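Here come two complexes built around subunit A, the first alongside subunit B, the second alongside subunit C.
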Partner chain A sequence: MDNQSLNLLDRALGFDQQSEPWSLSGRVVVIEDCVETSGSFVLHQLVKRSLAPNSSNVIIFVAFANSFSHYDRILRKLGCNLVAQMDNKRFIFFDMLMLRGPDGDQGRIGEGTLVSLYEKIQKKLSGLPGDKKNYVTIMIDDVSLMEVAANGASDFVLDFLHYCHALTSEFDCTLVTLNHEDIYSSMEGSTFMLQMEYLADILIKAEPLSTGLAADVHGQLTVLNKGTSHRLGSLGNKIQNFHFKVKENNVEYFYPGSRV
Partner chain B sequence: MAATKPRLSSFSRNISALHSSQSPGVKYGPNGSTFVSTGIPDLDKILGGGFPLGSLVMVMEDAEAPHHMLLLRNFMSQGLVHNQPLLYASPSKDPRSFLGTLPSPASSKDDKSRDRDPEQEKGLRIAWQYKKYMGEQQPNFDSHRDNKQDYCSEFDLRKPLERHYLTGPRVDCFSIQDSKNLAALQDRCATFLAQFQRNDGSSSLVGRIAIQSFCAPQCEHSNMEWDMLSFIKSLKGMLRSSNAVAVITFPPSLLSPSCTKRWQHMADTLLSVAAIPDEDKELAKLLSGYQDMVGLLNVHKVARMNTQVPVILDATTFSIKLHKRRYLVLECLNQAPVDGSSGSSYGTSGSCSGSSKTGTLDF
Partner chain C sequence: MAETICRALRDGGLEGEHAPALTIKDSLVSPFGFDVFTHVLAQLSNYVLAGKSQSRGLVIVAFSRSPSFYVDLLKKKGIDVASSQKWVQILDCYTDPLGWKNWLNAKDLSEEASSLSKVWKDVRNLDKLYTSIIELGKGLVGQGNGRFSIAIDSVSEMVRHASISSVAGLLSNLRSHDRVSSIFWLLHSDLHEVRFTAVLEYLSSMVASIEPCTIGQRGDLENLSLLEQNFRKGKFHVRFKRRNGRVRIMCEELLLELSGIKFTSVSSEEEIINQRLLPKVQFNLQLSEKERTERAKVVLPFEHQGNGKPIQIYDGRRSLNENNDETGKLPTDEDTDKGQIIYFRDSDDEMPDSDEDPDDDLDI
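And then the complex of A and B:
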């Protein structure tokens, strides 16, 4: 992978270390965003990165927020054909958008849905050939909607995430989740977000600029990379901060003030 | 934006022929999205075409003022004028009575002046007396229009919608006050949306859902936050696979802050309305045309279908005005000149003299 094609986000995520084929193996990435600035583009970037032709990653995508056609169109513009990757068994899509309890019975869908979802993910994982197992990425595009699907039982969602975390240590796969920070910041005594941040090895925050939105700068990203220690001695936490501009076919990242 | 212009002009023979290939009241946008009109021409322009099919629109109400009804009425009327089936749910005992307050599209004579740019309007005022001659050509165009409407009509808030639009099987009303939980409403929405299943991109029939004051305290479900959330989630899921748009208005002050944020995240297009106090001297000094304002509209989020690029608007706050006391108009806020006394007179003479004069004539 030549360094030229790497942008600031890729570097912050450690893609520039050539020693490893996939620098996110066994790690948990938590993306946080807010109403004003959506962080979903980071997911798209990671999907594109994982499905790059020179890697052999497999993605298990759990979609709560948007349909497959939405993601398909976006990724096609980024140069990645999800349908073809599905045929190659490299992209596995779980559509949770149309999820409905039996006979509209709202009370009971909670726990059962998540358990069955986890079972499905595990089945897919163990069904993969041995050489691919280590390069699996599990992506959840909206954890807050997962809570809604669990009917407000945040503990079940945390359990689910813990189970997925266990998978990442068992198979060395990656867990990527997107959640909305502003939901929890106004809630009293909620530790949900803290627990997720604790799980995270890499925390990515998308925020609007404090000076308001501009046409040239869509917001800023803060990337906190916690665990580089086991690889290069102890580097400790590394925080990086940069601005971004989202385009149809890529995202521009730049340091504040570095563009005229 | 530019694309809407030619359709509004009277040189529309060609375009209306083109229209017939698609169903009326539907417009194709970028990224394979399809728009329906909001019923307010200015809002269509602001949102880049209207509400995309398959999207969920949320309007945050002002707890003390009924401005959300203005948006809702125009949205519903526009659908009925285009013969699009409508499902209306409200917390009132008799939702059907609300239909009587829907505005009617303005007759072509009235809205003609609005169709043109203000500069043109000035030039036309000289030829005002010739209007009657222009009117003669109009019927031809009018009869043409009866079955093939414009994408977005101008609504006259003082004229009720003709009855034949309201009766008939296309309009379905539902009172959310009666039912114990949301299952009934959910089933109603599911059966309604089943008519509009999207197959192979053909948008033959388009449906509209309007839910007013969803979390109103008189409904039994109003304190069941998670039930409401899962209703919205499933509604959004159903919308995504159908050719329909849903507008939900809700008073955010009645929900807990975190729950409000959840609702906002679920919305594809998020708007909020606010009334402005009658006699706010400071605001009146700051903004020109303050006297004509009815309220403020805020655009928080614009739907992004099939794209990752956010829509950044030049302005997110717009003033709601009533043009000639009939038509709903959205305008960018204009800051009044710094010098208060002379400034305000400038502002009114510049932008409002024409409208206020014609307004009195209209009486």
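And then the complex of A and C:
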């Protein structure tokens, strides 16, 4: 992979390491954002990175937040055609918006629905040819809406995430989730966010600048890369912080103060 | 000191006494609990395999990592897992804790470590879990008097599926079983109420808690360097409870290195600096208790004496009417023996002394 084309986020996620074809194998990435600073662009960047022509990754995308056309439009601007990738069977889309439709029992999902969602994911995974199994990324956008869909039963969601975690160690695939931190901030005794952070191997936080709004900087990202629990050996914990600016066709990342 | 813990677990318990139990607790600000857990696990495995320990076998109850992870980990540390002598068993509560896979009739694909592990599909039923752990252990050490050790990799995960009291009951039962030589478990303390952490600490004879070196606000990005420091090293406090009730606390520093975790004794820099900054002096820098009470008794001038009366200060701004009222009252006979200053403003034209009380800053 050409080192020049890597941005700060890619480096923080370890894509600059030549030793592995896909540095996120078997790892859990948790993206946390807040109302002021959306972290969904990180998700889009990861989709684009996974579906890059020189890799053979497969994405299983579980969408609670938006419809397919939404992601299709964004990714097209980033230079990635999701429809074509779908035909290539490299992008598998689960539209969970329909689950909350107004009619009948489908409106409420509980443990059973999450189990069947898990079943679908697992079937897709085991159905893949052997050489692709190890390069699968499961993406969930987003966990808080999954919790809403599960009628606020965060335990079911955690069980589901645990089973997804089990998949990552079984198939060496990647789990990427997006969640909103501020939803849980004022809740007394809510440990949901902490549970997710314990689950994470890589934690990406998107936050507004502490100094207030700025025209040229849209926010800051903090990437905490826990190298320890990875089975391929300890890489040491790494923490990085940088600013970003979301543009129409790409995102610029830069260290604080490196721009005039 | 980490050595001391491992030795205590190695030596096991006496006949008719509870097995030594270790709680390892950490939190997100200093998340080294799992590293400490694996360190203790590897040490104890070494002892068991070399036949130096009281226990002849080890049962790992895996909640947060897959059995293959533990097999790889032990192999990487140079410990012979697949030796002819069977000494380790993993109860797999990770792959299918709630029986979803069973329910879906999916094939179990993780056969890799199956000779060493047993899949457990119902973590909610702690009674059965208890019998299963004991059976696995007995399977390792045979029917004689042999004992075995137990490692539980996440009590936090256990509590998510069962009540606090039943989990505490399970741990207590395991600890008091006469075939159990030692037991240790990992706990993420920030996920639980304080009382649950306390319950587990009462159950254990040793508590190893991992705390950040420097305390900052969680998620405080201003202190990035501080945060980074906390992800490289931490403080390692161990509390030993002796049989006679004596409690000893020891402290070490814990450093995360590429090769694993390392413990160094605290000759902490802060202490050295403190010693240098405080020279030996001839006079006291601190007051004694007696001196402090005496100092408190001194009445300072201009201080409220606190006799309960409202404090009235004439600032020369009262209206004439009020003055007129008071003139009717003031020159009474009872008051004549008291010293008084009676002051009448000459006229309303005369301005008060000032708009501000000049002694505003004094606490009169």
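Here is the rule we go by: the second predicted complex is superposed on the first by the 243 of 260 C-alpha atoms of A that agree within 3 Å, B and C clash if a C-alpha of one lies under 4 Å from a C-alpha of the other, contacts with A are read in each partner's own complex, and residues count from 1 in each chain.
Heads up, the rule we're going with is that a residue touches a chain if its C-beta (ideal position, glycine included) is under 8 Å from a C-beta of that chain, and two chains touch if they have at least 3 such contacts.
Owing to the predicted nature of the structure, the values given are computational and were not obtained by experimental measurement.
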item	value
Joint occupancy of subunit A by subunit B and subunit C, clash or fit	fit
First, second, both or neither for A:S154, with subunit B first and subunit C second	neither
First, second, both or neither for A:V115, with subunit B first and subunit C second	second
For subunit A as apex, the angle formed with subunit B and subunit C - C-alpha centres, to the nearest 10 degrees	100
Partner chain(s) touched by A:S25 [first = subunit B, second = subunit C, both, neither]	neither
Which of subunit B and subunit C A:N7 touches, first, second, both or neither	neither
Touched partner set for A:L145, first subunit B, second subunit C, both or neither	first
Which superposed partner A:S56 touches (first subunit B, second subunit C, both, neither)	neither
Subunit B versus subunit C - smallest C-alpha distance in the overlay, whole Å	18
Interfacial residue positions of subunit A with respect to subunit B in the complex	35-38, 40-41, 44, 66-67, 69-70, 73-74, 77, 97-100, 104, 106, 109, 142, 144-145, 148-149, 151-152, 180, 182-184, 186-187, 190, 213-215, 218, 246-248, 251
Residues of subunit C defined as touching subunit A within the complex	28, 31, 34-35, 65-66, 68-69, 72-73, 76, 94-98, 100-101, 103-104, 106-107, 109-110, 156-157, 160, 188, 190-193, 219, 221-222, 224, 227-228, 231-232, 256-260
Subunit B to subunit A touching residues, read off their complex	31-32, 181-183, 186-187, 225-227, 229-230, 233-234, 236-238, 240-241, 256-258, 261-262, 264-266, 270, 300-301, 304-310, 312
Subunit C-facing residues of subunit A, complex	115, 118-119, 122, 126, 155, 158-159, 162-163, 166, 169-170, 189, 191, 194-195, 197-198, 205, 207, 210, 220, 222, 224, 226, 228-229, 231, 233-237, 239, 241
